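Okay, so chain A shows up in both of these, paired with chain B first and chain C after.
Let's turn to the complex of A and B:
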């Protein structure tokens, strides 16, 4: 479709290694998930989803209240809250803080929110050195790429590619064994942890009634990044707040299971405020940056605001047959897959990538697995209608609109519909052979598109209604 | 004799008339008087799914008028049934009169296999087909209407038939209406993944409840040079 990165998509589709890598990795995540959400092992899974949806709905409807409660509880524990309108405000705050504290090196735990505002590049331009410490994120940072997947950033990289990357960027000997590669990364990163002045993390949840942030991770790097440097800055979208600590009983059961098929991830960290007296670890200063970056605009839209319920588990990506074909780098923004398809147009504007909501077969696998029950296909359909409205004046859209107008007109006139059907059957009754002899028709967009991939059986000589009448007549005779 | 109206859908009417005839035959066989309101055309889904809601509404109103008095409406498609049962409400959210008509029609509209099992309460329709088949779960039937075990129960009563499940039964075939021509390469890639799964079963035939999926699957099988055929559930059940 016009505007889509067609060549890039084609490259992905034709790269057999990449296709296998995506399909296998997502397939593994799917089967791991299935094993831990089945009714035998988790009978109340569907109820948990409903509960999570209701909590999110309630929170988003009362977001102002819970954000203020969260902020005052952070302050009560000696932390500071920074309200950031956009990425520039975050960068501004961090640059000033780094300058004031004389910090150059920053370690980072995995955070999609920081990817969303391209934090690493922007901090780099201020002379700062942010280093990703999640292994996958570290790999994509070394490769100067965007994360390929919300929870598995380097899903597309084989260990051989990682070996080459490490040799090139770190000057180490080529090492293709994953355990050894991890060891290499660990020894590089250990130094960074010890000398960094600021640690940046995201937050999976912001707990309003306690002022704590919750981090859900597997590698332990987030604990290092948030406790070793003197300063910890957590950056989170405003939608990450939940009312009570006890709500985590619902969300923690869903997040790990939906993301990687783990009943719980290896580390679940609750961080609130800087280190207090008698505590042996933790930072001297604790900041939470609450990022808007378009979220309040989304909040204003009653119909689509449920997109803010997302807890970034990535299950919709793993189960999406389109993501499993095109991978994570053919989407216009850092958020890929079905969730990316519904939030990107809302953040960047529906005309920014008008093709995006159409790049779906509407199969509904995403909604089926979404732990907070976001009705993704419904939102895609809504976005499609918004694109159609916004692109009304575009010549190609005009043609399409005219086509659908005529079509609707015909569909309300059964006699005309039947007549045109009979004409179609007379013309296409010979099927593809006829079409191929009429090159003009074969070059017509949709026809060409169909035959580029598939065959089409000839149209039958008689329609159902003709057969029906013939049968009735025969019965009467 | 109890009476049912059939909505055969535009695609069955124009491209798969035999599927419609097979459905009629099965319904008559189990004792229904079948009516085909000739004013029927389409449910409006193509326009709705492509973002043309006003155009979809026009066609949907036509549908609601045609079937206003039908006691049961039986449809050989999970997708069109789901459109009428679920999406009309969305289309007419701001038109109370048509919303009422939608609510009135919703409990009377039945996808074919669901009608057999839940209204007619028949599992064995006396069919025979000596073939090894595999079943494709079409997305809107599966996720929109919860159709999963039903068609398999019906197939299990077909004499001579062996069902071999494919590993990717619930994966989309890649059709998706205008998606198939707006993103042909992705759609084709999805079809080929589906076909690989079909081939692994060794089945001779793919059975489904939506001809749109079967159009895609058949087209891709044929392109791949395979001789595996496709059949709508109604055709299987009509076969003796």
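Let's turn to the complex of A and C:
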């Protein structure tokens, strides 16, 4: 796979500790999920998936309609919608808002969309201090890293690494017990929550008929970030919209189960607009930023647009044999695993990381567990063919095409094929790894890279065709 | 406005749709409500909540609910929401309980230092062991969030079978409040080494009394 970060991947594979961490974490998430989606406990699981797929398909195909409905309902509840073309537009809006309201400290609830536009770094450059408040995200932010997993961002960190990190960055005494580490984070972040002027969240869903955003968390940090600061800004990709509050009966049942094996996560907040006149607490100002950032480009392809159905549960990562070996930091962008493989090339362009759609065995586990039934393997094939088309003009691919043409020509001529087979058998004998040991061409460049890990089966003494003829002859006699 | 039209027109161009074009018919919502007696709902609700380490009590009288809360909080400071049920129970009359807040900053200060936050709930969901709270003059958001222990007193008639029944009963939650909140057990995380820890930002302990 030319272009793949091979050395970096090798480091991950050779790091025994990291391998165990990835394997146990994803394994645990898999078994938790399995326990709550089995037919005995959730007989209508497959029907829920079908309904979720139908609703997503319908919404994406009529996206302009539902976004307008959403926006007008947000406005009716006293909130404001900001339409953002890309990350720069989001940063501009936030920087201006912070300046106008005289805010420096911003608390953030976990949001992959904000990771996608590198919001923290960019806000930092405007002199603002955004603080992640999900424990995993906070750890990753302190370490200046990218989330390792969509729902378990600090999956790769041990308690000892967290201990060092806390000592170094927070100036606290070294603490290796996880419960106490959590307490440290709680008290540091509690102060931030109580003094921050703006709370930023993502949105798991945008509900069109209500003008509401839905947030699911386990720790309660999203509740804090949307309750204590005077201003709440939710940042969401335009694909997050669903038509009705009632559709949550389907999506919430699928999301928690697929992500962590919980029938419902601990907290689900359904928020529409700022605090109302008679309510005691809640933010005074409520903004929803609707982000495009390449999504409309993706929408234009009627096959691939189903990648926008994703509800970011992370189940495809946990079940992916590739993710479970290479982990989350060897993918070129913030979205890792199978879903990352299909959305990254569509956001960044297929030539950006042409190896990516090929880094899959197409085993289909991702599609099987996807709660909204995205046909990931099929989309990978589609992307592969796009990569090949984009590369048509370079000389290496011309050589490859020539090779396949010769191969096809031989395969269409059974007599010739048989003759070559017999010759191969005579020349190479029937030992193991015969191609790798073969002289000349096989030790050359990309061919060598391929055969360093694979080889053809030994040449049989008698070919299948010979055996077949012998059998028929015996039967006739 | 310009940016809105830009984005919407990019979407329409991608989808081949025109301005004001109505959507194709939307698949009907999928809501299934099983038959379940009140007793069965309570039992199921308790079982699910206990599985999440929630504490439960079925109180036969308001007096019993008050005694449970009095014993639980002892001498420690607590904040009660303005839910009439808590007054009827006599919980707001307990010596260390503060209630009746109408101002955000007073409530915030009280909640930040209280050991217990006491609320009622608009509904409970048997299927998942969930409390449903709408923000209102009676129920602020903070009381169930800032203190390390959350206590909720819920009338038995408010236990629904699950999410489907709730969304049938309240199809447009935004018409009722700016915030509808589901609480399913104590705050938790497993972000470090997948080890479960309770009480990260929200309460680490939850008690539900059904009366």
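One rule holds in what follows: the second predicted complex is superposed on the first by the 444 of 477 C-alpha atoms of A that agree within 3 Å, B and C clash if a C-alpha of one lies under 4 Å from a C-alpha of the other, contacts with A are read in each partner's own complex, and residues count from 1 in each chain.
The working rule: a contact is a pair of C-beta atoms (placed from the backbone, for glycine too) under 8 Å apart; a residue touches a chain by one contact, two chains touch by 3 or more.
Keep in mind that this is a model prediction, so the values were computed, not measured.
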Chain B versus chain C as contact partner of A:425, first or second or both or neither: first
Tell me which touches more residues of chain A here: chain C or chain B. C
First, second, both or neither for A:471, with chain B first and chain C second: first
After the superposition on A, what does A:191 contact: first (chain B), second (chain C), both or neither? neither
Scan A:168 for contacts with chain B and chain C and give back first, second, both or neither. neither
With the two structures laid over each other on chain A, which partner does A:459 touch: chain B (first), chain C (second), both, or neither? first
Quick one: classify A:325 as touching chain B (first), chain C (second), both or neither. first
Give one of first, second, both or neither to describe whether A:407 is in contact with chain B, with chain C, with both, or with none. first
Contact-wise, after the overlay, does A:86 reach chain B, chain C, both or neither (first, second, both, neither)? neither
Per the touch rule above, chain A residues touching chain B in the complex are 1, 4, 6, 9-10, 13, 23, 321-322, 324-326, 355, 358-365, 367-368, 378, 381, 384-389, 400-401, 404-405, 407-412, 414, 417, 421, 424-425, 445-446, 449-450, 452-457, 459-460, 462-468, 471
Which of the residues in chain A end up touching chain C in this complex? 21, 24-25, 28, 44, 47-48, 51, 54-55, 58, 61-68, 71, 73, 77, 81-85, 89, 133-136, 139, 152-155, 157-159, 162, 178-179, 181-182, 185-186, 189-190, 193-194, 207, 209-212, 218-221, 223-224, 227-228, 238, 243-250, 252-253, 260, 262-276, 278-282, 290, 292, 296-297, 299-300
Complex contact set, residues of chain C against chain A: 3-4, 6-8, 10-15, 17, 21-24, 26-27, 29-32, 48, 82, 101-104, 107-108, 112, 127-128, 130, 135-137, 140-142, 145, 163-164, 167-168, 171-174, 177-195, 197, 199-203
Which of the residues in chain B come into contact with chain A in the complex? 8, 10, 12-18, 20-21, 24, 36, 38-42, 44, 46-53, 55-56, 58-59, 61-62, 87, 90, 139-140, 143-144, 170-172, 174-191, 193, 215-216, 218-220, 222-223
